[in-house]
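What follows are several structures.
First subunit A sits with subunit B, and in the next complex the same chain sits with subunit C.
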Partner chain A sequence: MPPAPAPAPGPPPAPRTGPADGSAGSPADAVASAGPGAGGAARSAGGRGVAERLLVRRETVVHRLPAHCKLVALLGFVLLVVATPREAMWAFGGHALLLAAVAVAARVPPGLLLRRMLVEVPFVAFALLLPLLAEGPRIGVLGLSLSEPGLWSAWNILAKATLGVTASVLLAATTDVRQLLLGLERLRLPPLLVQIAAFMIRYLDVVTGELRRMRIARESRGFTARGPRHWGVLARTAGALFIRCYERGERVHLAMLSRGYRGSMPVPHRAPAGAAAWARALALPGAALVLCLLALATR
Partner chain B sequence: MHVPDGFFDAPVSVAGAAIAATAVAVSLRGARRELADRTAGGAPGGGAERVAPLAGLVAAFVFAVQMLNFPVGAGTSGHLMGGALAAILIGPYTGILVLSVVLTVQALLFADGGLSALGINITLLGVVAVVVAWGVFRLLLRVLPERRGTVTAASFTAAFVSVPAAAVVFTLLYAVGGTAEVPIGTVLGAMVGVHTAIGVGEGVITALTVGSVLAARPDLVHGMRRARPVRRPARVVWIGGLAATLICAAVVSGFASSSPDGLETVAGDHGLDEEEREHPLAGSWLEDYGVVDIDNERLSVGLAGVIGVGVTLTAASAGFVALRRNARERSGDRSGRSPLPADA
Partner chain C sequence: MRRREHVTAESGGAGVRDTPAGPPPSLEVRGLGYAYPDGHRALSGVHLTVARGERVALLGPNGAGKTTLVLHLNGILGGGEGGVRVAGLPVDREHIAEIRRRVGIVFQDPDDQLFMPTVAEDVAFGPANAGLRGDALQRRVAHALERVGMAAWADRPPHHLSFGQRRRVAVATVLAMEPEILVLDEPSANLDPAARRELAEILRSLELTVLMVTHDLPYALELCPRSVILSGGTIAADGPTAGLLADPELLRAHRLELPFGFDPSAVPPA
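Then we have the complex of A and B:
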């Protein structure tokens, strides 16, 4: 956690809301909030949480860019990829090369990149079904009768989804979660929404840790869920988890009130991003724009 | 099920983002009210600054509960989507906020769901699922008798309906801006079919979870606060009923079958109508549910319907008012004052 920002003139004392705030209630909570060794973070190497584990710590140009510049770049890139006509296969190759260049510049290991891209597997399966389902003229491939527009659709979804997933993975791998949240706030997302996201991420490990401990408690009593017959037990787990989460939220709120919280978080210093940073960040969507326009022009 | 990039074209993606942004803006205001309600006698300051910690913790809960695997059998398992559960447990506005935050974090950090499709994902899994579930839940609580099983039934139905409802909206969006050339009927059938099955699981899990929370902390279940049906002001019922009747009489009547109804058919088939005489009013200006001098049939029937509604309403109201006055006078004789409270 970064050092507490110097108190700004306006807002009250900075309410530091580390997980320890949630332990206002019981000793069990204190264990839950103790961090490494107790929460879901235990498995990870450096004791980092679910969200922090995503970051690949490096000192590169990509890592150093301000988060909000990267967010704008990512959004622009993804929208341009979606807008690129699917017939221009070479353009998608170009998009992929751009992302590869970013990955190399950020020194993100390719293996890690590929592992995290597995999240799109269900849609790969869906896309592979499209050539069988879609209408239109059929062509025979390997003894299967496939719809030609269906093949195009499958390619379209596969290419665009893969590029989108890769770009998002790169953002998460090169940007600290807290910086990402600050970036969202600087992009004028409602501060309340950003605060909710911040609390969610801050307590994600505590909550998943509770869920894990409940699972261990169930299993140590010889319970293994095998089918819908056992849903009742799992649902009671979910219900108990909700009650714990809600009560913890109430305690956190009271703890924050006692530290002078009035509904808004103090904002740490925010140096405006220089033109150079913007130029570097927007190089990616800029190049993608050129590809997209070329693809539209040559259609 | 999170929609990836490239599934919808750019205009629909942007439109989805606009819908999601509007819903989130509305919910940001509503959530303050929703969470402030619970502070009665509690923490100082009311609800506004309770939103972030409470909604944040509930968002972490929804995220975690999506990781809880419910085995279906044969090695497969499913998980909760959580829209209906969030709506019932913490209210629709906070529910939309929570789901939006969860989906945004999933898209940004875990690359689950495309960033360009984030607006669509929020619209489907956040807004549609939450609003439908909430509407169904409250409606059923109001309609069903107040019994133990009612909440379970309402939770199940709300969660069950919310999933295919999102699938239907998905199909609508797909019809406007889908990128695959799959016929719309196939998409609708597949989406609604699959999601009805998923909805059963969602419904069962949601009902069980709501039940377990109700057993331990019934005060936390937002959907059960003020669960006793609020008496609707008589005027609302009256105007609503009148509007519905007039619409039926004026518009829907135009689509009514012109064939003889059941009684007339049977009478005709069995020769019961030999003795039938023309009604003494036959030939009047409203004969046979039409206004005589108007040629357009739909207009004529509709106008006759409206006139009929007016006449019936006047006659019935006059009768009712007379009856009530009569009853009031009699009870007034006994007790000396009106039996009705002042605000009735």
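Then we have the complex of A and C:
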């Protein structure tokens, strides 16, 4: 019986160091020195991913605050806005001024802020119908007969939703997505939820890329979605995308298992936020609390 | 020739184990068989021994069982006949954590492998699972990224990198676990010629045991002195890569083809 596998050329125990390797220097170094252009950086030149495009890069006090402080501030602010009685219209003006002050401090352009606030529109559209549909005493406005409680409800929803959306848009514009996730983790959100969110962000671009290629493939064969008759095709695209995502999920899980994953992600090192950071972040809900209490007291 | 080498590879595996001196082979697959739950038989009687420091190409047509074999190497699949040893350690439930550290698999699509938000965190994932923390972890990550020439990209999200760069980072993610054997699934797939050459240079510089699963015969010839052909779930041939590629009948029998105009005898062997 031969002592070593016959087809193996050279002494098996010795690590392979050909003369070419020794003289050529470290290829890794050569590659690194070639800079970002090496390896075809077409993709990296393509710009930031979907999730990162929300961040407006600036060096301001608001940007520098730790993400978990900002998250707590946002949550506190939104709760206080919701708690403010709807009759105290001036208090909502005050809340809006507070957000405007944050936007100025964070140097977020007003135009960009307004454009992003449009995401609210589909969600509050029904609020505009309330004055027409609600019961109760009616008043005439510009020849329309509107319900008074309906008007109050619509105002309540619109004002509070708009303030909440604006505050969220400001958070997204001043905080890196990655930091937001770490912030959620520090606030003791269940790790599984944070992991799911992290994977969503990581694969958002991969999935939108896949969707784009499927659309191009559809259109290259003469398809354009023009009406309900084409919804079947779009539904099948969605189905195919779901299956692809599911299969990718399986492959990712396999890759994780292969590197020793046993149900929990490694926890990165984190420095605690100082009292100063907390004080700055909580200034916003603090001011909102004053407004809310004043509104309740003067009711 | 095929038959003889098959037999020596088989008995060679046993021979190495019986020899008291020298390290055990990096990989030892003995009589491995596996059928999927639906009854499809993917592997039967696979014998393969890869000595320490050897670079071996695993060639075979689609559906030959290459991926199934790879998933047995770190215990993702198992429960069939035969067994696998990695540097002497059997692949079983009891040793699964250590086996997964020893066997570094680089999957075909780097987007499957790079799932963490930044390159550095992704490279840290494996060693952190193995219990490494703090400065030691940072050093391990930095070293692995240097070895593939990606240290400057440590804080970037993986989807900002080019495909070639992502493939290199994927190699770094397993190098960080200091594996006994590096298993690459179609390493040259979707790479442009420059990225392909850069990866070849990196792989040659690593001084690691490598098992490379590929259809890319010139790449196998360039990097691996020895090749095995897996076909129909068994090892059909095992020998020097140049010899196997010079046998057109053998290649044809297993649906392997050289690119147009490629002459393996005109290339200096790896």
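Following the convention adopted for this analysis, the second predicted complex is superposed on the first by the 251 of 299 C-alpha atoms of A that agree within 3 Å, B and C clash if a C-alpha of one lies under 4 Å from a C-alpha of the other, contacts with A are read in each partner's own complex, and residues count from 1 in each chain.
Following the convention adopted for this analysis, contacts are C-beta pairs under 8 Å (C-beta built on N, C-alpha and C of every residue); 3 or more make two chains touch, one makes a residue touch a chain.
None of the values given here were measured: they were computed from a predicted structure.
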First, second, both or neither for A:Gly260, with subunit B first and subunit C second: second
Partner chain(s) touched by A:Pro228 [first = subunit B, second = subunit C, both, neither]: first
Which superposed partner A:Ile157 touches (first subunit B, second subunit C, both, neither): first
Partner chain(s) touched by A:Thr174 [first = subunit B, second = subunit C, both, neither]: neither
First (subunit B), second (subunit C), both or neither touched by A:Phe123: first
Of subunit B and subunit C, the chain that contacts the larger number of subunit A residues: B
Touching partner for A:Gly136 - first (subunit B), second (subunit C), both, neither: first
Shared subunit A contacts, counted only where both subunit B and subunit C touch the same residue: 17, 177, 198-199, 201-203, 206, 248, 252, 254, 256-257, 261-262
Contact footprint of subunit A on subunit B as seen in their complex: 1, 4-7, 9-10, 13, 24-25, 28, 43-45, 48-61, 63-65, 67-73, 80, 85, 89-90, 97-98, 100-102, 104-105, 107-112, 114-116, 179-183, 186, 201, 204-205, 208-213, 215-217, 220
Subunit C to subunit A touching residues, read off their complex: 5, 8-9, 11-16, 18-19, 22-23, 25, 49, 51-55, 71, 74, 76, 97, 100-101, 103, 105, 107, 109, 111-113, 115-118, 121, 124-126, 128-130, 134, 146-152, 156-165, 168, 173-174, 177, 192, 194-195, 198, 201-202, 204-205, 207-208, 225-226, 238-240
Touching residues on subunit A, where the partner in the complex is subunit C: 1-10, 12-18, 20-21, 24, 26-32, 36, 38-44, 48-49, 52, 177-178, 181, 198-199, 201-203, 205-206, 248, 251-252, 254-262, 265-266, 268-269
Subunit A residues within the subunit B interface of the complex: 17, 51, 54, 74-75, 78-79, 81-83, 86, 116-117, 119-120, 122-123, 130, 133-136, 147, 149-150, 152-154, 156-161, 163-165, 167-169, 171-172, 177, 180, 190, 192-193, 195-204, 206-208, 210-211, 225-228, 230-232, 234-243, 245-246, 248-250, 252-254, 256-257, 261-263
